[in-house]
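Heads up: the structure comes next, in structure tokens.
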Amino acid sequence: MELNNSKIKIKAKNLNVYYGKKQALFDINLDINQKEVTALIGPSGCGKSTFIRCINRMNDVIDICKVEGSVEIDGAEINEKNVDVVTLREKVGMVFQKPNPFPKSIYDNIAYGPIIHGAAENKDQMDNIVETSLKKAALWDEVKDRLNEPGTSLSGGQQQRLCIARALSVNPEVILMDEPCSALDPIATAKIEELIDDLKKSYTIVIVTHSMAQAVRVSQKTGFFHLGKIIEVDSTEKIFKNPANKMTQDYITGRFG
Amino acid sequence: MFNKEINMKIIKNIVAVIAILSFASYAQARDQIKIVGSSTVYPYATVVAEKFGKQGSFKTPVIESTGTGGGMKLFCAGIGVNHPDITNASRAIKSKEKALCEKNGVKDIIEVVVGNDGITFSHSVKSPDANFTKEQLWRALAAKVDVNGKLVENPYKKWSDIDASLPSKKIEILIAPPTSGTRDAWNSLVMNKGCSKEAKSLFGDKSKKECAKMREDGYAVEAGENDTLIVQKLAANPDAYGFFGYSYYLANKDKIKAAAINGVKPSLEGIQDYSYPIARPLFFYAKKAHVGVVPGLKEFLDAFTSKKAMGSRGYLTDIGLVPLASDKYKVTRTAAKDLVTINLK
Amino acid sequence: MSGTGHTVKSYEEEMQSLNDNLVMMGSLTENQMADAMAAVIKVDKESVDKIVKNDGKINELRTTIDNQITNVLVKRAPMAIDLRITISTMKISHDLERIGDLAKSVAKKVKPLPVDLPDELIGSLRRLGDLVQKQLKDALDAYLNRSKDKAIEIWKKDEQVDDLTNLAMNEVATYLQKDKKNLEMATHLLFVTKNIERAGDHITNIAESLYYLIEGEYLEGARPKGKPVES
Amino acid sequence: MTKEQRLKKRYRAEKRFKMYGLISVSLAVIFVLILVQNIFSKGSSAFSRTMIEVAVNYDSSLLELEGPINQNSLKDADFYDLAVESLLKIYPAKDSKEERQILRLFSPDYEFEIKDFLIKNPNKIDQIVPVKITASDDIDQLNKGNFPRDLPEDRRRVSNYQLNIYDNLIEKEKIDKKFNNYLFTKGDSRDPELAGIGGSLMGSFFTIIICLILSFPIAIMASIYLEEFAPKNKITDFIEININNLAAVPSIVYGLLGLGILLSVMEFPRSTPLVAGITLSLMTLPRIIIPCRASLKAVPPSIREAALSVGASKFQTVFHHVVPLAMPGTLSGTIIGLAQALGETAPLILIGMVAFVVDIPSSPVDPSASLPVQVYLWSEQAERGFVEKTSATIMMLLGFLIVMNFIAVYLRQKFEKKWN
């Protein structure tokens, strides 16, 4: 896999994160390439989720969380005080472990983001955004006749794609996915993976996953986290066929702990 | 989201309207007579107030039962719409209360004697008629009594222990709590009057307080403020006695009967001329300064003291008020008509 | 295998059993090869049947290994070293099976050979046989020791095998030129030689698989070749 | 012990426990039934009113009317003579004492009832019309069977003469029972047959509305701030502990607060729903804040994350998503808080709501009573008719509480999202 000719989208430099007195991330340096899927793997509590939550400053919500170091998106530092977190999150969408649609209609779920950002001037434009987002998330055909039904009435996999469509509705550049398939059955998982494959043409995707196979299937680059440190980052092929680090090898071959 | 804003607007408007409404009308002068005070006078005052309101010229006065002491406190707190116009009292105003009134600028007070109240010492209709003297009642109820020239904890367990002529029944008396006006009246009319000379001298300075102290060894049972409840308990238990206002006796004649005191059974006439020994006058006090400020106050005094209400065939007698003797009535009627104030000194 | 075992014990046991079966297959193949060579050299027609029969055991083992690998792939989705072990084992077992087959073919050629084989024909053939047997033994040792250097060594030594094959074939060709009557025998011997050479090639394959297993990469560059056989 | 024995022992223990549970539950049910039975048996008769049919002679000459007869002139007319004239005709009386006894068969409002009938039917003037007039409390109780009649006369509220009239009227089928609408439309009265809970109902209504208007927004804002925006530190911990403490403070303490501050310092009018509402809202606030916070807490963080991740600000997240989702729980908490406030008596006594108020209040600053206080007031009355009235008021109060609690449960079940 050739990495050199890809442009770097996100650059984390010497990133340290603390939860109160406990340090969660140690000196993370990680480059994430544009229009590529980067998978983050590692045992539970290793800091993968903490890391991706640094990219859209979701950690701001947690009172005791303190972030030090730098995260740059397109060369611009996001941790500075004058960076508007709302604009940042418009640019960096996020999909969570458990599908979490709003308990509103499918339409309203998608329309919410554009409404608060004032993206649509009239109903037609909004309809258009909703349709495009659902199509991008490969959900349009399944829900186009029942846009007014509650989002929670969909199946788990559909809900997750709804959440992806919701993230897409504000036209992000980066999509962060925190174990998006962990609550889904294999078929739904396959659909999401198929979708991710499709989305990477237009978006930069960072996905946290516990499934090695999934990381192999969807990602081009994989980073292995352990105890808050990044142990190894390389092309996915390299990581899963012949990792350089013994810890990585032990983790992916199931020789851990 | 848009709906929510509308909702917020509606709520805001409602709040504003209600706030304006309440304070607008609050700012106005009071158009209703306010009465506080004794729970003993309360039943009579309410009847007068209701009739007064029904005549249609004025609003029905609002009457709050706060007890004589509490009423005096509110009454004497000052002049103005926030203070009551009238306070009912089951006793005459005390000098301390007069001083308080004067201090707060309540200088001109009209005293009206409403009528007389008798307390009946009653028991179930199922037990035979009874007759007691005040001293016997005191001996049955007091915490400490004199026996052979010495003060001892009340030793009497049966009525016959007190006097051989009394039935050989366990003493069981339902008493009103110390907060009630009836108990106050009972203390001054029975406990202090019935207190034996020996005991009084033995108690010395504190005799008034000590004589009124009731026993707490289970023979005297506190039955709560609710006189209706005492009546029900008496009806159920033929051995028990209890005391309460004459009106309660009248209303429940089918269930209870009254014992004679010193051989006198309670009756209208007996209470009126105080030949029935447990009887007392009832009062109310009004502020002269409020006459002309609070609409209807003068008319209310007139209505209360009218023959139709307080007279010997007045409607208050129907509910147990014992009317004043005619000479006393004339005094009180004049006071109410001419707004005669009492001396606060 | 790595210092720490798998968290899942049965996985560990499966991988161990796979390894054991491959080692057993290796040693069986080694024996077959030795027996076949000995039969050729001594023209021992008695042992041919035994060799043919023994080949069945190797085939059986290969089937077992194949099944085991399928199971591991399905059940464990092996990653990294485990993935490489699995894939290499599959390839090595195929190569071993082929070597076994070749040994059987060599042995079968003994039957039509005359009992008095001239020494001039056997000299190079014996040396070739010894070299290939040594290569096989080294390859199996290298597998057991996970020796990358040994694997490269074996891989490079294939040149010698090719050279020796050429030599042995030339010898047979010379012998044939002397007397056209020798045609049948010479043909048989040429087949034997060619089979042994091919066994050598499979051993090179094993070395390559072993290198991949250890390094995760393929041996770079063209495989060294002896001079092409002139016929 | 063998395995079988242990097993048997286990099952026996289970059976025993089930039995204890059953006993406890049935005891509770029995107590409730006794309470309800007691109240209903006493109170149900309050819903009917004994009426006596009297032939009223609307003789215009007795009205001393000047000018034309119309509704206005009738309103100002004095009907006393006309009424007495007609009432006395139901039975012969030989002296004024007996006449008075006849009049006392009727409620003191007979004059107004006769007047109201004519105002409604002005065409009946100068006619003799049968009019149903409310009977006095004594006759009402006699008719409902609450007064025994086989007692000597001096121990009866109803004299032999009155009893004769009563029996005579029964024979002529002039005595009738009808639904007691006075119970709901009238204010307090000293005549049990005329007393109603209309005034205290309005008083309670104004009180609860004031309480709702004050406590609901404040409680919502406080709980949203505490739950969503306040930093988690010692100060907020301290506030939280104090809110919990305040919820446990006896209600009478709030009454003292109302007395001390609202009446003495701020000089708000005594005995009014305004003061009662403010006082009760002080009491209700912590009791609403606690369930509000609980329902805010119950909104899963995933919803917050979802909103934040599409770029909603903290404020938008809270007000667009968290608060609407917490609303059913919040509302039911509020309703239950208000239901508690509705049943509260102690603080109202201190701020003067224990008052005899006849006029039905028309605004929160008019003096008034409230339902629980009405129960308290009537339970102290000597007249027998108030016994049933008291129970009837309790029934109404219980009814309101049950309805409010039912609404709360309904809201919660219907609208609360189930989070899987």
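Here the chain labels run A, B, C and D in written order, and each chain numbers its own residues starting at 1.
The definition used in the following text is that contacts are C-beta pairs under 8 Å (C-beta built on N, C-alpha and C of every residue); 3 or more make two chains touch, one makes a residue touch a chain.
Because the structure is predicted, anything quoted here is derived from the model rather than measured.
Taking each chain's centre as the mean of its C-alpha atoms, chain B lies 27 Å from chain D.
In terms of their C-alpha centroids, the spacing between chain C and chain D amounts to 102 Å.
The geometric centre of chain A is 59 Å away from that of chain D, both derived from CA atoms. Rounded to whole angstrom units, the spacing between the C-alpha centres of chain A and chain C is 51. Counting partners per residue, chain B has 1 as the residues that reach two or more other chains.
Counting partner chains per residue, chain D shows two or more touched chains at residues 320.
In chain C, no residue touches two or more other chains.
Contact topology of the protein chains: linear, an open path with no closing contact.
Which chains touch which is summed up as A-C, A-D, B-D.
Chain D meets chain B in the complex at residues 104, 108-109, 112, 147-148, 151, 154-157, 187-191, 209-210, 213, 217, 263, 267-271, 274, 319-320, 352, 354-359, 363-367, 377, 379-384, 387. Those residues of chain C lying in contact with chain A across their complex are 2, 4-8, 11, 76-84, 215-217. Of all residues in chain D, those touching chain A in their complex are 231-232, 300, 302-314, 316, 320-321, 325, 417. The touching residues of chain A, when paired with chain C in their complex, are 212-213, 239-243, 246, 248-250, 252-257.
In the complex of the two chains, the chain A residues touching chain D come out as 56, 58, 61, 63, 86-87, 89-90, 93-96, 98, 100-103, 112-113, 116-117, 152, 163, 166-167, 169-170.
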